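What follows is a group of structures, each given as C-alpha coordinates.
Same chain, two partners: subunit A is paired with subunit B first, then with subunit C.
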Partner chain A sequence: MAISTEKLTSILQNFVTSTTDIQGAAVVTPDGLPLAATLPGGMDEERVSAMSAAMLSLGERIGSELARGGIDRIFVEGDKGYGILTSCGEDAVFLVLADKAAKQGLLMLEIKRTLADLKAVLM
Partner chain B sequence: MSLEPTEFMSKMVSRIGFSADDRKVLQSTADWGLEIAPEMADYFYEYLGRDAEMSAILNESEGRIHRLRETFVAWFHEMFTGMDDWGDAYAERRWRIGLIHVRIGIGPQHVVPAMAVVVHEAGKRAIADGKDQQLRDALAKICMVDLAFIEQAYIEVTSAAVLKETGWSEGLFRRLIATGAGAM
Partner chain C sequence: MEIMRLVVTGPVGAGKSTFIRSVSEIEVVDTDRRATDDALLIKKRTTVAFDFGRLQFGPDMALHLYGTPGQSRFDFMWDILIQKAHAYILLVAAHRPHEFREARRIMTFMKQRSPVPMIIGLTHTDCPGAWDAANIALALGYPNPARRPPVVAVNANETASVAEAVIALVQYTWAGSLAPTA
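Moving on to the complex of A and B:
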(Lines of atoms letter the chains of each structure in order from A and count residues from 1; the text may use other names and numbers.)
(Lines give C-alpha, C1' and ligand atoms only; values in the text may rest on other atoms or scores of the structure.)
Protein backbone atom coordinates (compact mmCIF):
# COMPACT_ATOMS: atom_id res chain seq x y z
CA MET A 1 0.00 0.00 0.00
CA ALA A 2 1.33 3.46 -0.92
CA ILE A 3 2.35 5.77 1.87
CA SER A 4 0.00 8.70 2.23
CA THR A 5 2.03 11.89 2.56
CA GLU A 6 -1.23 13.74 3.17
CA LYS A 7 -1.89 11.62 6.25
CA LEU A 8 1.69 12.08 7.46
CA THR A 9 1.43 15.85 6.98
CA SER A 10 -1.92 15.90 8.75
CA ILE A 11 -0.49 14.01 11.74
CA LEU A 12 2.46 16.40 11.92
CA GLN A 13 0.28 19.50 11.64
CA ASN A 14 -2.03 18.20 14.32
CA PHE A 15 0.94 17.38 16.55
CA VAL A 16 2.55 20.81 16.09
CA THR A 17 -0.62 22.83 16.58
CA SER A 18 -2.09 20.85 19.46
CA THR A 19 1.03 20.34 21.57
CA THR A 20 2.24 23.21 23.70
CA ASP A 21 5.65 24.69 22.85
CA ILE A 22 6.22 22.58 19.73
CA GLN A 23 7.69 24.65 16.92
CA GLY A 24 8.00 22.14 14.13
CA ALA A 25 8.25 18.50 13.13
CA ALA A 26 9.36 16.40 10.18
CA VAL A 27 9.42 12.80 9.04
CA VAL A 28 12.34 11.90 6.80
CA THR A 29 13.83 8.76 5.27
CA PRO A 30 17.09 7.27 6.60
CA ASP A 31 18.64 8.57 3.35
CA GLY A 32 17.70 12.10 4.38
CA LEU A 33 14.77 12.68 2.05
CA PRO A 34 11.75 14.55 3.43
CA LEU A 35 8.49 12.58 3.65
CA ALA A 36 6.48 15.28 5.39
CA ALA A 37 7.35 18.42 7.33
CA THR A 38 5.87 21.30 9.27
CA LEU A 39 8.83 23.48 10.02
CA PRO A 40 9.31 27.08 11.18
CA GLY A 41 9.72 29.60 8.36
CA GLY A 42 13.26 29.98 7.07
CA MET A 43 14.26 26.38 7.66
CA ASP A 44 15.33 24.49 4.56
CA GLU A 45 13.37 21.22 4.47
CA GLU A 46 16.02 19.43 2.40
CA ARG A 47 18.84 20.41 4.72
CA VAL A 48 16.87 19.65 7.87
CA SER A 49 16.00 16.21 6.49
CA ALA A 50 19.59 15.32 5.59
CA MET A 51 20.89 16.56 8.93
CA SER A 52 18.22 14.69 10.88
CA ALA A 53 18.97 11.36 9.20
CA ALA A 54 22.71 11.92 9.59
CA MET A 55 22.35 12.76 13.27
CA LEU A 56 20.21 9.76 14.15
CA SER A 57 22.43 7.39 12.21
CA LEU A 58 25.53 8.78 13.87
CA GLY A 59 23.86 8.52 17.27
CA GLU A 60 23.02 4.88 16.64
CA ARG A 61 26.60 4.26 15.59
CA ILE A 62 27.88 5.93 18.76
CA GLY A 63 25.43 3.90 20.83
CA SER A 64 26.78 0.73 19.31
CA GLU A 65 30.45 1.68 19.48
CA LEU A 66 30.21 2.91 23.07
CA ALA A 67 28.08 -0.06 24.15
CA ARG A 68 25.00 2.04 25.00
CA GLY A 69 22.60 -0.41 23.44
CA GLY A 70 19.73 0.54 21.14
CA ILE A 71 19.15 4.28 20.87
CA ASP A 72 15.66 5.52 21.77
CA ARG A 73 16.24 9.13 20.79
CA ILE A 74 18.80 11.85 20.17
CA PHE A 75 18.17 14.85 22.34
CA VAL A 76 19.76 18.17 21.39
CA GLU A 77 19.41 20.86 24.04
CA GLY A 78 20.24 24.43 23.10
CA ASP A 79 19.66 27.70 24.92
CA LYS A 80 16.70 28.38 22.63
CA GLY A 81 15.08 24.98 22.73
CA TYR A 82 15.24 21.31 21.90
CA GLY A 83 15.66 19.13 18.87
CA ILE A 84 14.57 15.54 19.36
CA LEU A 85 15.21 12.78 16.86
CA THR A 86 13.47 9.46 17.18
CA SER A 87 13.62 6.44 14.95
CA CYS A 88 10.23 5.81 13.36
CA GLY A 89 10.70 2.18 12.35
CA GLU A 90 13.33 1.18 9.83
CA ASP A 91 12.10 3.50 7.12
CA ALA A 92 11.81 6.87 8.77
CA VAL A 93 13.18 9.36 11.29
CA PHE A 94 10.94 11.66 13.32
CA LEU A 95 12.26 15.14 14.15
CA VAL A 96 10.61 17.41 16.69
CA LEU A 97 11.58 21.00 17.45
CA ALA A 98 10.41 22.44 20.77
CA ASP A 99 11.10 25.71 22.54
CA LYS A 100 12.90 26.01 25.85
CA ALA A 101 9.66 26.26 27.86
CA ALA A 102 8.48 22.80 26.78
CA LYS A 103 7.87 20.33 29.59
CA GLN A 104 10.06 17.36 28.75
CA GLY A 105 7.82 14.69 30.22
CA LEU A 106 4.83 15.92 28.27
CA LEU A 107 6.95 16.29 25.17
CA MET A 108 8.18 12.69 25.33
CA LEU A 109 4.67 11.39 25.89
CA GLU A 110 3.32 13.33 22.91
CA ILE A 111 6.20 12.13 20.75
CA LYS A 112 5.49 8.54 21.76
CA ARG A 113 1.81 8.89 20.83
CA THR A 114 2.54 10.60 17.55
CA LEU A 115 5.13 7.98 16.67
CA ALA A 116 2.47 5.30 16.92
CA ASP A 117 0.26 7.25 14.51
CA LEU A 118 3.12 7.82 12.07
CA LYS A 119 4.17 4.16 12.15
CA ALA A 120 0.61 3.10 11.36
CA VAL A 121 0.72 5.22 8.20
CA LEU A 122 4.21 4.10 7.25
CA MET A 123 3.46 0.37 7.64
CA MET B 1 30.74 2.80 -2.13
CA SER B 2 33.18 0.21 -3.37
CA LEU B 3 34.61 0.69 -6.83
CA GLU B 4 34.46 -2.18 -9.31
CA PRO B 5 37.70 -1.68 -11.32
CA THR B 6 36.63 -3.29 -14.62
CA GLU B 7 33.35 -1.40 -14.69
CA PHE B 8 35.09 1.88 -13.88
CA MET B 9 37.73 1.19 -16.54
CA SER B 10 35.06 0.53 -19.13
CA LYS B 11 33.27 3.76 -18.22
CA MET B 12 36.43 5.85 -18.45
CA VAL B 13 37.55 4.24 -21.73
CA SER B 14 34.18 5.12 -23.20
CA ARG B 15 34.16 8.68 -21.85
CA ILE B 16 37.70 9.45 -22.93
CA GLY B 17 37.29 7.73 -26.29
CA PHE B 18 40.23 5.36 -25.91
CA SER B 19 39.73 3.42 -29.15
CA ALA B 20 40.91 0.17 -30.73
CA ASP B 21 43.23 2.25 -32.92
CA ASP B 22 44.73 3.89 -29.82
CA ARG B 23 45.42 0.41 -28.42
CA LYS B 24 47.13 -0.73 -31.60
CA VAL B 25 49.32 2.36 -31.73
CA LEU B 26 50.40 1.94 -28.13
CA GLN B 27 51.06 -1.79 -28.43
CA SER B 28 53.12 -1.27 -31.59
CA THR B 29 55.36 1.18 -29.70
CA ALA B 30 55.60 -0.75 -26.43
CA ASP B 31 59.38 -1.10 -26.73
CA TRP B 32 59.73 2.64 -27.16
CA GLY B 33 57.50 3.09 -24.11
CA LEU B 34 59.79 0.92 -22.02
CA GLU B 35 62.84 2.77 -23.34
CA ILE B 36 61.59 6.20 -22.28
CA ALA B 37 59.93 5.05 -19.02
CA PRO B 38 62.95 5.76 -16.74
CA GLU B 39 63.25 9.26 -18.19
CA MET B 40 59.53 9.88 -17.56
CA ALA B 41 59.96 8.59 -14.00
CA ASP B 42 62.69 11.21 -13.56
CA TYR B 43 60.34 13.98 -14.71
CA PHE B 44 57.49 12.69 -12.54
CA TYR B 45 59.46 12.42 -9.31
CA GLU B 46 61.54 15.51 -10.00
CA TYR B 47 58.29 17.48 -10.22
CA LEU B 48 56.86 15.93 -7.06
CA GLY B 49 60.15 16.33 -5.20
CA ARG B 50 60.11 20.10 -5.72
CA ASP B 51 57.38 20.29 -3.11
CA ALA B 52 58.78 20.00 0.43
CA GLU B 53 55.78 18.05 1.73
CA MET B 54 55.90 15.61 -1.19
CA SER B 55 59.66 15.26 -0.94
CA ALA B 56 59.29 14.24 2.71
CA ILE B 57 56.68 11.64 1.78
CA LEU B 58 58.74 10.23 -1.10
CA ASN B 59 61.83 9.91 1.05
CA GLU B 60 60.09 8.89 4.26
CA SER B 61 61.66 5.45 4.37
CA GLU B 62 64.86 4.06 2.94
CA GLY B 63 64.43 2.82 -0.58
CA ARG B 64 60.87 4.13 -1.00
CA ILE B 65 61.72 6.46 -3.88
CA HIS B 66 63.63 3.65 -5.56
CA ARG B 67 60.65 1.30 -5.28
CA LEU B 68 58.28 4.01 -6.48
CA ARG B 69 60.47 4.65 -9.53
CA GLU B 70 60.48 0.94 -10.35
CA THR B 71 56.69 0.87 -10.04
CA PHE B 72 56.45 3.95 -12.26
CA VAL B 73 58.55 2.33 -14.99
CA ALA B 74 56.39 -0.80 -14.93
CA TRP B 75 53.21 1.31 -14.85
CA PHE B 76 54.36 3.45 -17.77
CA HIS B 77 55.26 0.41 -19.86
CA GLU B 78 51.89 -1.22 -19.08
CA MET B 79 50.10 1.76 -20.62
CA PHE B 80 51.65 0.64 -23.92
CA THR B 81 51.25 -3.14 -23.54
CA GLY B 82 47.78 -2.93 -21.99
CA MET B 83 48.67 -6.06 -19.95
CA ASP B 84 45.57 -8.10 -20.85
CA ASP B 85 44.42 -5.78 -23.61
CA TRP B 86 43.34 -3.20 -21.02
CA GLY B 87 41.06 -5.76 -19.39
CA ASP B 88 40.42 -6.97 -15.82
CA ALA B 89 44.08 -7.29 -14.83
CA TYR B 90 44.88 -3.81 -16.14
CA ALA B 91 41.92 -2.26 -14.31
CA GLU B 92 42.71 -4.11 -11.07
CA ARG B 93 46.33 -2.98 -11.19
CA ARG B 94 45.31 0.65 -11.79
CA TRP B 95 42.96 0.47 -8.83
CA ARG B 96 45.76 -0.94 -6.64
CA ILE B 97 48.10 1.83 -7.79
CA GLY B 98 45.41 4.35 -6.85
CA LEU B 99 45.14 2.83 -3.39
CA ILE B 100 48.92 2.97 -2.97
CA HIS B 101 48.81 6.70 -3.73
CA VAL B 102 46.14 7.12 -1.04
CA ARG B 103 48.13 5.07 1.47
CA ILE B 104 51.34 6.98 0.85
CA GLY B 105 49.56 10.34 0.79
CA ILE B 106 50.24 11.49 -2.77
CA GLY B 107 46.98 13.34 -3.37
CA PRO B 108 45.30 14.49 -6.59
CA GLN B 109 46.66 18.03 -6.11
CA HIS B 110 50.14 16.57 -6.63
CA VAL B 111 49.43 13.71 -9.05
CA VAL B 112 47.38 15.71 -11.56
CA PRO B 113 50.09 18.28 -12.42
CA ALA B 114 52.80 15.60 -12.22
CA MET B 115 50.88 13.51 -14.74
CA ALA B 116 50.52 16.58 -16.96
CA VAL B 117 54.30 16.91 -16.88
CA VAL B 118 54.67 13.27 -17.96
CA VAL B 119 52.18 13.69 -20.83
CA HIS B 120 53.98 16.86 -21.94
CA GLU B 121 57.47 15.38 -21.76
CA ALA B 122 56.43 12.11 -23.41
CA GLY B 123 54.91 14.17 -26.22
CA LYS B 124 58.14 16.12 -26.65
CA ARG B 125 60.14 12.91 -26.69
CA ALA B 126 57.75 11.39 -29.25
CA ILE B 127 58.29 14.35 -31.56
CA ALA B 128 62.05 14.15 -31.10
CA ASP B 129 61.95 10.44 -31.95
CA GLY B 130 59.82 11.02 -35.04
CA LYS B 131 56.61 9.47 -33.66
CA ASP B 132 53.34 10.70 -35.03
CA GLN B 133 50.49 12.60 -33.40
CA GLN B 134 48.35 9.48 -33.07
CA LEU B 135 50.75 8.03 -30.52
CA ARG B 136 50.77 11.23 -28.49
CA ASP B 137 46.98 11.33 -28.50
CA ALA B 138 46.67 7.67 -27.49
CA LEU B 139 49.18 8.08 -24.68
CA ALA B 140 47.44 11.20 -23.40
CA LYS B 141 44.12 9.33 -23.35
CA ILE B 142 45.36 6.30 -21.42
CA CYS B 143 47.17 8.61 -18.99
CA MET B 144 43.82 10.28 -18.28
CA VAL B 145 42.17 6.89 -17.69
CA ASP B 146 44.90 5.99 -15.21
CA LEU B 147 44.70 9.38 -13.57
CA ALA B 148 40.97 8.90 -13.09
CA PHE B 149 41.70 5.72 -11.13
CA ILE B 150 44.06 7.57 -8.79
CA GLU B 151 41.61 10.40 -8.21
CA GLN B 152 38.71 8.02 -7.72
CA ALA B 153 40.70 5.98 -5.20
CA TYR B 154 40.90 9.05 -2.98
CA ILE B 155 37.16 9.60 -3.15
CA GLU B 156 36.35 5.94 -2.59
CA VAL B 157 38.67 5.49 0.39
CA THR B 158 37.53 8.72 2.04
CA SER B 159 33.86 7.93 1.48
CA ALA B 160 34.22 4.36 2.70
CA ALA B 161 35.86 5.57 5.92
CA VAL B 162 33.09 8.11 6.58
CA LEU B 163 30.33 5.58 5.85
CA LYS B 164 31.95 2.97 8.09
CA GLU B 165 32.37 5.34 11.03
CA THR B 166 29.00 7.08 10.79
CA GLY B 167 26.71 4.31 9.59
CA TRP B 168 25.32 6.70 6.96
CA SER B 169 23.89 5.29 3.75
CA GLU B 170 25.48 6.25 0.43
CA GLY B 171 22.35 8.16 -0.51
CA LEU B 172 22.48 10.21 2.67
CA PHE B 173 26.19 10.89 2.25
CA ARG B 174 25.68 12.15 -1.30
CA ARG B 175 22.79 14.31 -0.11
CA LEU B 176 24.91 15.85 2.64
CA ILE B 177 27.66 16.63 0.12
CA ALA B 178 25.14 18.16 -2.27
CA THR B 179 23.48 20.29 0.41
CA GLY B 180 26.86 21.21 1.90
CA ALA B 181 28.23 22.21 -1.49
CA GLY B 182 25.10 24.23 -2.14
CA ALA B 183 25.66 26.18 1.06
CA MET B 184 29.31 27.01 0.30
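Moving on to the complex of A and C:
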Protein backbone atom coordinates (compact mmCIF):
# COMPACT_ATOMS: atom_id res chain seq x y z
CA MET A 1 0.00 0.00 0.00
CA ALA A 2 1.26 3.46 -0.83
CA ILE A 3 2.10 5.76 2.06
CA SER A 4 -0.55 8.43 2.38
CA THR A 5 1.09 11.83 2.69
CA GLU A 6 -2.27 13.39 3.49
CA LYS A 7 -2.71 11.07 6.45
CA LEU A 8 0.82 11.81 7.71
CA THR A 9 0.25 15.53 7.28
CA SER A 10 -3.09 15.44 9.05
CA ILE A 11 -1.60 13.50 11.99
CA LEU A 12 1.15 16.10 12.25
CA GLN A 13 -1.28 19.01 11.99
CA ASN A 14 -3.45 17.48 14.66
CA PHE A 15 -0.47 16.93 16.89
CA VAL A 16 0.85 20.47 16.47
CA THR A 17 -2.50 22.23 16.91
CA SER A 18 -3.91 20.09 19.72
CA THR A 19 -0.81 19.94 21.90
CA THR A 20 0.07 23.14 23.71
CA ASP A 21 3.56 24.55 23.33
CA ILE A 22 4.38 22.53 20.23
CA GLN A 23 5.56 24.70 17.38
CA GLY A 24 6.25 22.24 14.63
CA ALA A 25 6.75 18.63 13.63
CA ALA A 26 8.12 16.72 10.68
CA VAL A 27 8.46 13.16 9.47
CA VAL A 28 11.50 12.56 7.29
CA THR A 29 13.35 9.65 5.72
CA PRO A 30 16.53 8.41 7.46
CA ASP A 31 18.53 9.82 4.55
CA GLY A 32 17.06 13.26 5.12
CA LEU A 33 14.17 13.81 2.71
CA PRO A 34 10.85 15.25 3.82
CA LEU A 35 7.81 12.94 4.04
CA ALA A 36 5.46 15.38 5.76
CA ALA A 37 5.94 18.52 7.80
CA THR A 38 4.14 21.25 9.72
CA LEU A 39 6.81 23.76 10.54
CA PRO A 40 6.95 27.34 11.81
CA GLY A 41 7.19 29.90 9.02
CA GLY A 42 10.67 30.52 7.70
CA MET A 43 11.91 26.98 8.29
CA ASP A 44 12.88 25.15 5.17
CA GLU A 45 11.49 21.63 5.00
CA GLU A 46 14.44 20.24 3.05
CA ARG A 47 16.98 21.65 5.46
CA VAL A 48 15.08 20.57 8.55
CA SER A 49 14.80 17.06 7.11
CA ALA A 50 18.50 16.79 6.34
CA MET A 51 19.45 18.08 9.78
CA SER A 52 17.11 15.64 11.51
CA ALA A 53 18.62 12.71 9.65
CA ALA A 54 22.18 13.83 10.33
CA MET A 55 21.52 14.35 14.03
CA LEU A 56 19.72 11.06 14.57
CA SER A 57 22.39 9.10 12.71
CA LEU A 58 25.14 10.67 14.81
CA GLY A 59 23.17 10.04 17.98
CA GLU A 60 22.69 6.40 17.07
CA ARG A 61 26.36 6.17 16.30
CA ILE A 62 27.22 7.59 19.72
CA GLY A 63 24.83 5.06 21.21
CA SER A 64 26.64 2.14 19.65
CA GLU A 65 30.23 3.42 19.71
CA LEU A 66 30.11 4.71 23.27
CA ALA A 67 28.09 1.74 24.49
CA ARG A 68 24.87 3.62 25.32
CA GLY A 69 22.76 1.05 23.55
CA GLY A 70 19.80 1.65 21.27
CA ILE A 71 18.72 5.29 21.04
CA ASP A 72 15.20 6.23 22.13
CA ARG A 73 15.47 9.90 21.32
CA ILE A 74 17.80 12.82 20.77
CA PHE A 75 16.93 15.76 22.93
CA VAL A 76 18.20 19.23 22.04
CA GLU A 77 17.54 21.75 24.80
CA GLY A 78 18.01 25.41 23.93
CA ASP A 79 17.11 28.49 25.90
CA LYS A 80 14.16 29.05 23.57
CA GLY A 81 12.85 25.53 23.37
CA TYR A 82 13.35 21.90 22.58
CA GLY A 83 14.07 19.86 19.47
CA ILE A 84 13.29 16.19 19.91
CA LEU A 85 14.17 13.48 17.43
CA THR A 86 12.72 10.01 17.63
CA SER A 87 13.22 7.11 15.30
CA CYS A 88 9.89 6.16 13.75
CA GLY A 89 10.43 2.63 12.54
CA GLU A 90 13.03 1.75 9.94
CA ASP A 91 11.87 4.20 7.31
CA ALA A 92 11.26 7.44 9.13
CA VAL A 93 12.47 9.93 11.70
CA PHE A 94 10.08 12.07 13.74
CA LEU A 95 11.09 15.62 14.69
CA VAL A 96 9.21 17.75 17.21
CA LEU A 97 9.90 21.41 17.96
CA ALA A 98 8.52 22.60 21.27
CA ASP A 99 8.41 25.80 23.25
CA LYS A 100 10.48 26.23 26.42
CA ALA A 101 7.21 26.29 28.36
CA ALA A 102 6.33 22.74 27.31
CA LYS A 103 5.93 20.18 30.07
CA GLN A 104 8.46 17.51 29.29
CA GLY A 105 6.45 14.59 30.63
CA LEU A 106 3.42 15.54 28.62
CA LEU A 107 5.56 16.14 25.58
CA MET A 108 7.07 12.66 25.74
CA LEU A 109 3.67 11.08 26.19
CA GLU A 110 2.22 12.98 23.24
CA ILE A 111 5.22 12.06 21.11
CA LYS A 112 4.80 8.40 22.01
CA ARG A 113 1.13 8.45 21.05
CA THR A 114 1.73 10.28 17.80
CA LEU A 115 4.54 7.89 16.96
CA ALA A 116 2.11 5.00 17.14
CA ASP A 117 -0.28 6.80 14.76
CA LEU A 118 2.52 7.63 12.34
CA LYS A 119 3.86 4.07 12.39
CA ALA A 120 0.42 2.74 11.56
CA VAL A 121 0.37 4.88 8.42
CA LEU A 122 3.96 4.08 7.50
CA MET A 123 3.57 0.30 7.81
CA MET B 1 51.16 15.28 18.43
CA GLU B 2 50.07 17.59 15.67
CA ILE B 3 46.66 16.96 14.14
CA MET B 4 45.83 17.92 10.59
CA ARG B 5 42.17 17.86 9.61
CA LEU B 6 41.48 16.97 6.02
CA VAL B 7 38.04 17.13 4.46
CA VAL B 8 37.01 14.84 1.62
CA THR B 9 34.19 16.34 -0.39
CA GLY B 10 32.54 15.99 -3.79
CA PRO B 11 29.23 15.01 -5.40
CA VAL B 12 27.20 11.89 -4.59
CA GLY B 13 28.97 8.66 -5.52
CA ALA B 14 32.38 10.25 -6.13
CA GLY B 15 33.88 7.80 -3.62
CA LYS B 16 34.29 9.91 -0.48
CA SER B 17 33.30 7.24 2.04
CA THR B 18 35.27 4.56 0.18
CA PHE B 19 38.27 6.88 0.10
CA ILE B 20 38.27 7.24 3.88
CA ARG B 21 37.60 3.56 4.51
CA SER B 22 40.54 2.62 2.31
CA VAL B 23 43.07 4.63 4.24
CA SER B 24 41.85 4.88 7.83
CA GLU B 25 43.70 2.99 10.55
CA ILE B 26 40.73 3.01 12.88
CA GLU B 27 37.35 1.59 12.13
CA VAL B 28 35.66 4.39 10.25
CA VAL B 29 32.88 6.29 11.98
CA ASP B 30 30.27 6.38 9.28
CA THR B 31 26.70 7.67 9.24
CA ASP B 32 25.32 6.08 6.10
CA ARG B 33 21.66 5.42 5.67
CA ARG B 34 19.65 3.67 3.01
CA ALA B 35 19.34 6.07 0.07
CA THR B 36 15.87 7.00 -1.16
CA ASP B 37 16.86 9.81 -3.53
CA ASP B 38 18.75 9.95 -6.85
CA ALA B 39 21.80 8.49 -5.09
CA LEU B 40 19.99 5.15 -5.47
CA LEU B 41 20.93 5.16 -9.14
CA ILE B 42 24.56 4.84 -8.11
CA LYS B 43 24.55 3.15 -4.71
CA LYS B 44 22.38 1.73 -1.95
CA ARG B 45 23.56 3.77 1.01
CA THR B 46 24.45 7.40 1.46
CA THR B 47 26.27 9.47 4.12
CA VAL B 48 23.98 11.75 6.13
CA ALA B 49 26.34 13.43 8.62
CA PHE B 50 29.98 12.62 8.03
CA ASP B 51 32.57 9.87 7.82
CA PHE B 52 35.55 9.98 10.09
CA GLY B 53 38.85 8.19 9.72
CA ARG B 54 42.31 8.57 11.20
CA LEU B 55 45.76 8.05 9.75
CA GLN B 56 49.11 8.32 11.49
CA PHE B 57 51.41 10.41 9.32
CA GLY B 58 54.99 10.21 10.49
CA PRO B 59 55.95 10.01 14.18
CA ASP B 60 54.32 13.22 15.35
CA MET B 61 51.44 13.93 13.07
CA ALA B 62 47.98 12.41 12.82
CA LEU B 63 45.60 13.04 9.98
CA HIS B 64 41.92 13.26 10.75
CA LEU B 65 39.84 12.63 7.66
CA TYR B 66 36.29 13.91 7.47
CA GLY B 67 34.07 12.92 4.57
CA THR B 68 31.07 15.13 3.79
CA PRO B 69 27.66 14.06 2.50
CA GLY B 70 27.33 14.64 -1.26
CA GLN B 71 23.79 16.04 -1.50
CA SER B 72 23.42 19.81 -1.19
CA ARG B 73 20.59 19.43 1.32
CA PHE B 74 23.37 18.57 3.77
CA ASP B 75 25.27 21.78 3.07
CA PHE B 76 25.11 22.68 6.78
CA MET B 77 27.45 19.70 7.28
CA TRP B 78 29.75 21.01 4.52
CA ASP B 79 29.86 24.28 6.43
CA ILE B 80 30.56 22.68 9.82
CA LEU B 81 33.31 20.46 8.45
CA ILE B 82 35.12 23.03 6.29
CA GLN B 83 35.31 25.59 9.11
CA LYS B 84 37.93 23.54 10.96
CA ALA B 85 39.67 21.95 8.00
CA HIS B 86 43.34 22.52 7.24
CA ALA B 87 42.92 21.35 3.65
CA TYR B 88 40.47 19.48 1.49
CA ILE B 89 40.24 17.24 -1.53
CA LEU B 90 37.41 17.55 -4.02
CA LEU B 91 36.62 14.12 -5.43
CA VAL B 92 35.06 14.05 -8.88
CA ALA B 93 33.93 10.96 -10.80
CA ALA B 94 35.69 11.42 -14.14
CA HIS B 95 33.09 9.42 -16.06
CA ARG B 96 30.03 11.42 -14.95
CA PRO B 97 30.46 14.79 -16.69
CA HIS B 98 26.93 15.88 -15.78
CA GLU B 99 28.13 16.06 -12.16
CA PHE B 100 30.98 18.49 -12.83
CA ARG B 101 28.64 21.41 -12.30
CA GLU B 102 27.68 20.06 -8.90
CA ALA B 103 31.36 19.55 -8.06
CA ARG B 104 32.02 23.14 -9.03
CA ARG B 105 29.14 24.27 -6.83
CA ILE B 106 30.58 22.42 -3.83
CA MET B 107 33.99 23.94 -4.54
CA THR B 108 32.51 27.45 -4.68
CA PHE B 109 30.68 26.80 -1.40
CA MET B 110 33.93 25.73 0.28
CA LYS B 111 35.98 28.59 -1.18
CA GLN B 112 33.49 31.15 0.08
CA ARG B 113 33.95 29.82 3.59
CA SER B 114 37.55 28.81 3.80
CA PRO B 115 40.81 29.83 2.13
CA VAL B 116 42.58 26.53 2.95
CA PRO B 117 44.39 24.61 0.18
CA MET B 118 42.47 22.24 -2.05
CA ILE B 119 43.40 19.55 -4.53
CA ILE B 120 41.19 17.76 -7.02
CA GLY B 121 41.01 13.96 -6.98
CA LEU B 122 39.62 12.19 -10.03
CA THR B 123 37.94 8.86 -9.36
CA HIS B 124 36.54 6.33 -11.83
CA THR B 125 39.22 7.34 -14.34
CA ASP B 126 39.30 3.75 -15.65
CA CYS B 127 35.58 3.74 -16.48
CA PRO B 128 34.33 4.07 -20.04
CA GLY B 129 33.56 7.67 -20.95
CA ALA B 130 36.01 9.11 -18.41
CA TRP B 131 37.24 12.60 -19.20
CA ASP B 132 40.93 13.45 -18.97
CA ALA B 133 42.35 15.66 -16.25
CA ALA B 134 42.83 18.77 -18.42
CA ASN B 135 39.22 18.77 -19.60
CA ILE B 136 37.81 18.18 -16.13
CA ALA B 137 39.95 21.02 -14.76
CA LEU B 138 38.55 23.18 -17.55
CA ALA B 139 34.99 22.14 -16.66
CA LEU B 140 35.67 23.03 -13.02
CA GLY B 141 36.74 26.53 -14.02
CA TYR B 142 40.51 26.18 -14.39
CA PRO B 143 41.34 26.98 -18.03
CA ASN B 144 45.01 27.69 -17.31
CA PRO B 145 47.01 24.54 -16.40
CA ALA B 146 49.68 26.71 -14.75
CA ARG B 147 47.18 28.26 -12.37
CA ARG B 148 45.13 25.45 -10.99
CA PRO B 149 45.23 23.21 -7.93
CA PRO B 150 46.97 19.85 -8.31
CA VAL B 151 44.82 17.23 -10.01
CA VAL B 152 45.47 13.62 -9.03
CA ALA B 153 43.87 10.41 -10.24
CA VAL B 154 42.81 8.20 -7.36
CA ASN B 155 41.30 4.75 -7.04
CA ALA B 156 39.24 5.08 -3.86
CA ASN B 157 39.22 1.29 -3.44
CA GLU B 158 43.00 1.01 -3.30
CA THR B 159 44.78 1.93 -0.11
CA ALA B 160 48.05 2.80 -1.90
CA SER B 161 46.29 5.05 -4.38
CA VAL B 162 44.32 6.86 -1.67
CA ALA B 163 47.49 7.23 0.41
CA GLU B 164 49.19 8.90 -2.55
CA ALA B 165 46.34 11.37 -2.88
CA VAL B 166 46.48 12.13 0.84
CA ILE B 167 50.25 12.67 0.64
CA ALA B 168 49.75 14.97 -2.35
CA LEU B 169 47.24 17.01 -0.34
CA VAL B 170 49.51 17.24 2.72
CA GLN B 171 52.53 18.22 0.62
CA TYR B 172 50.55 20.83 -1.26
CA THR B 173 49.36 22.26 2.06
CA TRP B 174 52.91 22.38 3.44
CA ALA B 175 54.23 23.96 0.26
CA GLY B 176 51.56 26.64 0.57
CA SER B 177 52.35 27.36 4.20
CA LEU B 178 56.09 27.69 3.46
CA ALA B 179 55.64 30.02 0.53
CA PRO B 180 52.32 31.79 0.85
CA THR B 181 50.97 32.95 -2.48
CA ALA B 182 49.44 36.37 -2.72
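Note that in this section the second predicted complex is superposed on the first by the 123 of 123 C-alpha atoms of A that agree within 3 Å, B and C clash if a C-alpha of one lies under 4 Å from a C-alpha of the other, contacts with A are read in each partner's own complex, and residues count from 1 in each chain.
The criterion applied here is as follows: contacts are C-beta pairs under 8 Å (C-beta built on N, C-alpha and C of every residue); 3 or more make two chains touch, one makes a residue touch a chain.
Here the structure is a predicted model, which means the values were calculated and not measured.
Visitor: Examine A:D21 and indicate which partner it touches, taking first as subunit B and second as subunit C; both and neither are also allowed.
Guide: neither
Visitor: Please work out whether A:R61 is in contact with subunit B alone, subunit C alone, both, or neither, and reply first, second, both or neither.
Guide: Touch partners of A:R61: subunit B and subunit C.
Visitor: Of the partners subunit B and subunit C, which touch A:D117 in the superposed model: first, second, both, neither?
Guide: Once the two structures are laid over each other on A, A:D117 reaches no partner at all.
Visitor: Return the residues of subunit A at which the contacts from subunit B and from subunit C coincide.
Guide: Residues 30-33, 46-47, 50-51, 53-54, 57-58, 61, which sit in both footprints.
Visitor: Tell me, which parts of subunit A touch subunit C in their complex?
Guide: 29-33, 46-47, 49-51, 53-55, 57-58, 61, 65
Visitor: Which of the residues in subunit A end up touching subunit B in this complex?
Guide: On the subunit A side, the touching residues are 30-33, 44, 46-47, 50-51, 53-54, 57-58, 60-61, 64.
Visitor: Can you tell me which positions in subunit C touch subunit A when the two form their complex?
Guide: Subunit C residues touching subunit A: 29-31, 33-37, 39, 46, 48-49, 69, 71, 73-74, 76-77.
Visitor: Would you tell me which residues of subunit B are touching subunit A in their complex?
Guide: Those in contact with subunit A are residues 165-169, 171-172, 175-176, 179, 183.
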